[in-house]
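Scrolling down, you'll hit the structures one after another.
Same chain, two partners: chain A is paired with chain B first, then with chain C.
Entry: the complex of A and B
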């Protein structure tokens, strides 16, 4: 296999957003080094500006239908990739906004913080375009390196170091699994490109290889049983990094999962459906039940995040176009609700220096705005109409019932009630309990902006989701012939070639 | 015109809630005026809708339809039939009255009105949804504000749940205590209510998803499903049971009722009114809208379940109400007992009894609304709801005592109130099919008389208790208006029920013809209890 790296102008266009972001993050770094006296808040707005420009470029690409592949099919730009790139960039802009106040607590390296965030974002943009196993590995590691540093940013804090260490060791282990899985798959099929694998016979090598790859990606999205790093890392990491970690890498990993299982493994669907059903049931149930016992809001959101990933896996378990549409819509609603909730958490913790749920007592009396915002975000996560989370959950359920996954659906419905319970506990503390210290709380403008954006997203996606659903549907048009029935194909034998 | 009136009925409270967000909390009067204006607009619009409904035309009227998501087969599709129209009307009356009843709330009044308006708007939304998705959407939406209304503005039920008999031995509401870990707080009541109703809701959601999946057209449109979906066999039974018990948990049918009295007791007066008045009717209404319309044959086969369970509702609720010592607990259990009558009327699947059941829902909304409003007034004035420690309040508050008497009469089913008409129709209509239940129901009326008069005597007659020394009567227009509105409506329909009867009957007839598989009558309203 030889690579000829000749890039024409139209090829460069496909890479333009990534190239622009690369230049931009270098500029940020240079400004930080050369202008020592510059207020770091300005760097943040500069970063947001760069991200928004990239975002608008991608929207224009989506509108005009720019698409194509590069580097022997390693890199693909289609509407699916564009959707996830926009998703990643949206969450990056959000995260930078909610970081502005928090970064002031860092004693060193305030400028590099934005650089690292942008670099991780760049890695995740490449993840959304990964079209063969090699680029999956490279882009996945690329995006994770930034996070290894970001998680340990609070150098004096033991918890932050512990979080970083746990994240690093398990991350490296997952990378090992991924590499091993890739080698097995390559051995079985002789190719790295997703599209070419589809025509191959099933074999044990292929099966085990893909289970290993799924495990590595399961680590990324934090699905049970690969979730063990999540609570400690979430608790220890700086809160904006936690927020970033809770949404962007998950979205990018879901992009890879969709592309890999829908394109490369479409013919073996009966086999992997079971894998996703199990992971989904375990994630939802474990995440929700353990979340009940949490005393720290970041840990609560960590476990609720595990459960939300369980919900998302319902769509992959359905394995249809409807399933992937539902996942994408769900991710959008999750972005606004989850990042909004984290924005409130940061706002509160900046002021009272605590993440304990106990300290949310009487938040409604101290800041009606923050309490109302948190109420809406938590209820959206719980899936209560008329908020976005409800439509997203229903969309997933429709995808599941079309594939007649009744057991999964029943577990998911029961989990709605369990989840409601612990969200209501937080709401109870905010609204019903009286505050220990009734001084009013006010938050800064960038945080307020982030909360408003989150509120707008949660309400608009809930009340008028049509354009967003249509966007998701259009992004996955290439899967429209995928809706083959599951029941007729004998399950295990088709994958192992028997 | 009519379609816009219906939209206004639904959206006026929502817009009111939205407007309240921008009103500062310290402008107490403005907050109340905005809420009252929104509720008033909604009331006027629904008044128009109810009287403009044309019974000769029957069917769904004032329909408007806006596509919401073609991808999922969902449209924002609203309209009312002869069952929805009176219930929408009842919701707006209770909302309007509830705004005035809670006029004196001091703590976070703005938030209170926002949640109250959302709660009412969501219930109104259920009564006019012609799309299963939006029916569920509004249904679930109405449950959540209850949590905060109970939790924040409610009152503790501690000490009131223990029931003692004459010798002072403790009695317990067994089912209510299974899940009650000795926590009689309002937080407990709120959480129990929310989780109980959410479990019911997800059961119903499963049923709705099954309907969606197995219908030949992938749609949530109730009218299309009614024409085209044919369910039979085990599948139909499963769907019917999920839908019935899912929605019946809010109705609440025995043995799924235990959340209800606890919730009533903990809730502030206006919330209790809406809760008992209209929220509970969401259950019956949704069963009629989903099970009766889409699964007619299964309904015919399985509705006897309701006929059996309603006996327990009536008797059990009545007896607990008789022995309870907390005013709101008495009224709460009386409500769950009275909901048994509605189930009896529905179970008989007879023109007269089902018409009676629908009128009963309306009548009960008014009667129980009045009772809760006045129980709330007494509690505000005396700070206790314990009947034995109260007495002689008639001297302090003659107006409230008089209204209370009227409300009791209405609740019992005194001729002259709309409750009488409803009750007699249920009894007459069900006699042929369920004579035993009818006998129980008639004895239940005797029981109702017993516990309501016992409460009346305990609160208002006898020696004036120390708690009542500083109690005041409702004198201002603000305090009297809601009571007079509800009493006036109850008596007006009690004397002139013809339009009401025609409206309900016009919808009930074709529905039951489908269920009982008889050829439609040639002329509607040709025979009936009333001319």
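Entry: the complex of A and C
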């Protein structure tokens, strides 16, 4: 095999957002070390500006229908990739906004922080475009490197170092699994490109290979039983990094999962459905039940995140176009609600230096705005109508009903009740309990902006979801040949076994 | 499909969102007195609007009136579809009426966090209105769940009992548990629609045009049943009710005991959408048995309650049993009686909760052995208690009699055993109320009553008089109310009698007549 690189102008256009972002992050780095007295807040806004430019370029691509593949099918730009790139960039912009105040607590390397965040974002943009097994491996590792550093950014904090170490060891372990899985799949099919695998016969090698790859990606999205790093890492990492970690890499990994299982493995669906059903049931149930006992808000959000990933896996288990639409819409709603909740957590912890749920007592007295925002974010996460989370869950459930995944559905429905329980505990503390210290809390403008964006997203996606659903539907048009619903409603006899 | 009448102005949307906008208005107000007055103003405006709705409603018609429709999520066939018909129209009026009374009641008896209280109350009114005017199943579900949030805060923040935190949580989680199964049932209905027409729909009127196989109907029926039974609450799902109604604030008790959301759900969704399952013998036998147990069990437990509000809780369970009994008698009298009885309970049971609230405000508790001879000190209160109480046990001339009589008529037609058991409930009801009244109001005056025991204030009198007027109006001259509901009730009965076939046929006919007109 020979590698030759021929790039034409139109090929460069496909890469333009990534190229621009690469240049931009270099510019940020150069500015940081050349202008020593520059206020770091300005760097943050510069980064957000770069991200927004990239975002707008991608939206324009989406609008005009730019698409194509590069580097012998290793890199693909289609509407699915654009969707996830926009998703990653949105969360990056959000995270930079909520970092502005927090960065002041870092002793060193404040400018590099933004550089690292942008670099991880770049890696995740590539992940969204990964179209063969090698590019999956490379882009996944690329995006993770930035996070290894970011997680340990609080250098004096033992917890942060512990978080970094756990994240690193398990991340490397996952990378090993991924490489091993890729080698098995390559051995079984003789190709790396997703599109070419579908025509091959199933074999044990292929099956084991894909289970290993699923496990590696399971680490990234934090699905049970690959979740063990999540709580400690979330708790120890600087909170904006936790927020970033809780959404962007998961979105990018879901992009790879969708592409891999919908494109490469569509023909082997009966083999992998059970994998997703089990992971989904375990994640939802474990995440929600353990979340009840948490005393730290970051850990609570960590476990609730595990459960939310369980919900998203319902869509993958459905394995249909509607399943993928539902996942993508769900991710959007999760983006706003989850990052909004983290924005509130950062706002509170900047002021009172604590992430204990006990310290949220009487938040309503101290800052009615933060309490009301947190209320809406938590209720959206719990799936209470008419907030975004409800529509997203409904969409997922319908996708699952079409595929007759009734056991999964029943578990998911019961989990809604469990989840609301622990969100209500937090809500109760904010609204009912008396504050230990009734001084009012005020937050800075960038944080407030982030909270407003989160609120707007959560409300608009709930009340007028149509344009966003249409967007998700359009992004997955290539899956429309996948299994139209075949299911019919079961009769009572078939459930009772008569 | 059912005929739909439109109205020049989106009155239902206004009815639905007016209280919510009012709640937002309250948010910016500072002055406590102004907050109370604005809340009252909004509720009175809402009552006026709903009175307009009742006046413009075409009686003796099965049509969906004041219809409004917009696409919401077209990909899943979810629409913003509002309409009222004979089944829902009276609930709209009842909700507006009771909210005004609750605001009046809360004027002095709520002392903390007044702004938040009235905001929650108005948000709750929006949710209730939404439940009654939604024709789309998902839209209905949205309001059904939305109701939990203000309820949670109302119970938790302004509950009167020490166990209110537990009660609020129990209420939300119990009803949510039932509701998620109801949602699954709705989704299965929509999926069935999909298998026939290749598109999704959650619109009640569209779903009714597609037959559902019997086996599926029964499965879906039980799923929806779970949602409704937890919320109602029907025996044996009632365990949250005593906690919430005794620990929660009076306003919340009035809403939960007076606005019969769940039994409305049977008439709105279960019967029209699942006619074969609703008339299935096993289903009817199970539900009827539960209803009869509720009637007798509720009434017997009520006799021995030491607390007036707990007594009301169990009498409420017993009354709800009557409503379900009438519904599942599945004939015209039964359904008509149940529907009118649901409205009646909004005046009688809810009225008794108001009176319990008056007592609570005066004595600090509602324990029956702490009362005694109160009629001498509080003659006006005692009089209204007697009027509303007798209406609640169905004395002829009051509204309770109309409802119970029609229900019993329906029950005897269905099977004499149902009628006989239910009649025993009427007797128990008389005994629990009269015995309570004798102990609390007559007899020797108990010692250590508060010195400053005042009779009803002006505002309390307005509440009691308003309730009594409605009680006698429906009791003596029920025909305007019955005329409003008759058309839709007949339509449901037809559908139950002939199964889904009857509706498809009438749907074809409307289409034919429309084509002829064109």
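Going forward, the second predicted complex is superposed on the first by the 483 of 498 C-alpha atoms of A that agree within 3 Å, B and C clash if a C-alpha of one lies under 4 Å from a C-alpha of the other, contacts with A are read in each partner's own complex, and residues count from 1 in each chain.
Keep in mind that, in the parts below, a residue touches a chain if its C-beta (ideal position, glycine included) is under 8 Å from a C-beta of that chain, and two chains touch if they have at least 3 such contacts.
The structure displayed is predicted, hence computed values, not measured ones.
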Touched partner set for A:384, first chain B, second chain C, both or neither: both
Chain B versus chain C as contact partner of A:422, first or second or both or neither: neither
Which superposed partner A:398 touches (first chain B, second chain C, both, neither): both
Touched partner set for A:414, first chain B, second chain C, both or neither: both
Touching both chain B and chain C, residues of chain A: 325, 379, 384-386, 390, 394-395, 397-398, 401-402, 409-410, 413-414, 416-417, 420-421, 424, 428, 431-432, 465-466, 469-470, 473
In the complex with chain A, residue positions of chain B that touch it: 25, 68-69, 71-72, 108, 111, 133, 136-138, 140-141, 144, 147-148, 151-152, 186-187, 190-191, 194-195, 198-199, 202-203, 205-206, 209-210, 212-213
Complex contact set, residues of chain A against chain B: 325, 364, 368, 379, 384-386, 390, 394-395, 397-398, 401-402, 404, 409-410, 413-414, 416-417, 420-421, 424, 427-428, 431-432, 465-466, 469-470, 473
Residues on chain C engaged by chain A in the complex (per definition of touch): 71-76, 138, 141-143, 145-146, 148-149, 152-153, 156-157, 165, 169, 172-173, 176-177, 180-181, 183-184, 187-192, 194-195, 200, 212-216, 218-220, 222
Contact footprint of chain C on chain A as seen in their complex: 325, 379, 384-386, 390-391, 394-395, 397-398, 401-402, 409-410, 413-414, 416-417, 420-421, 424, 428, 431-432, 465-466, 469-470, 473, 485, 487-495
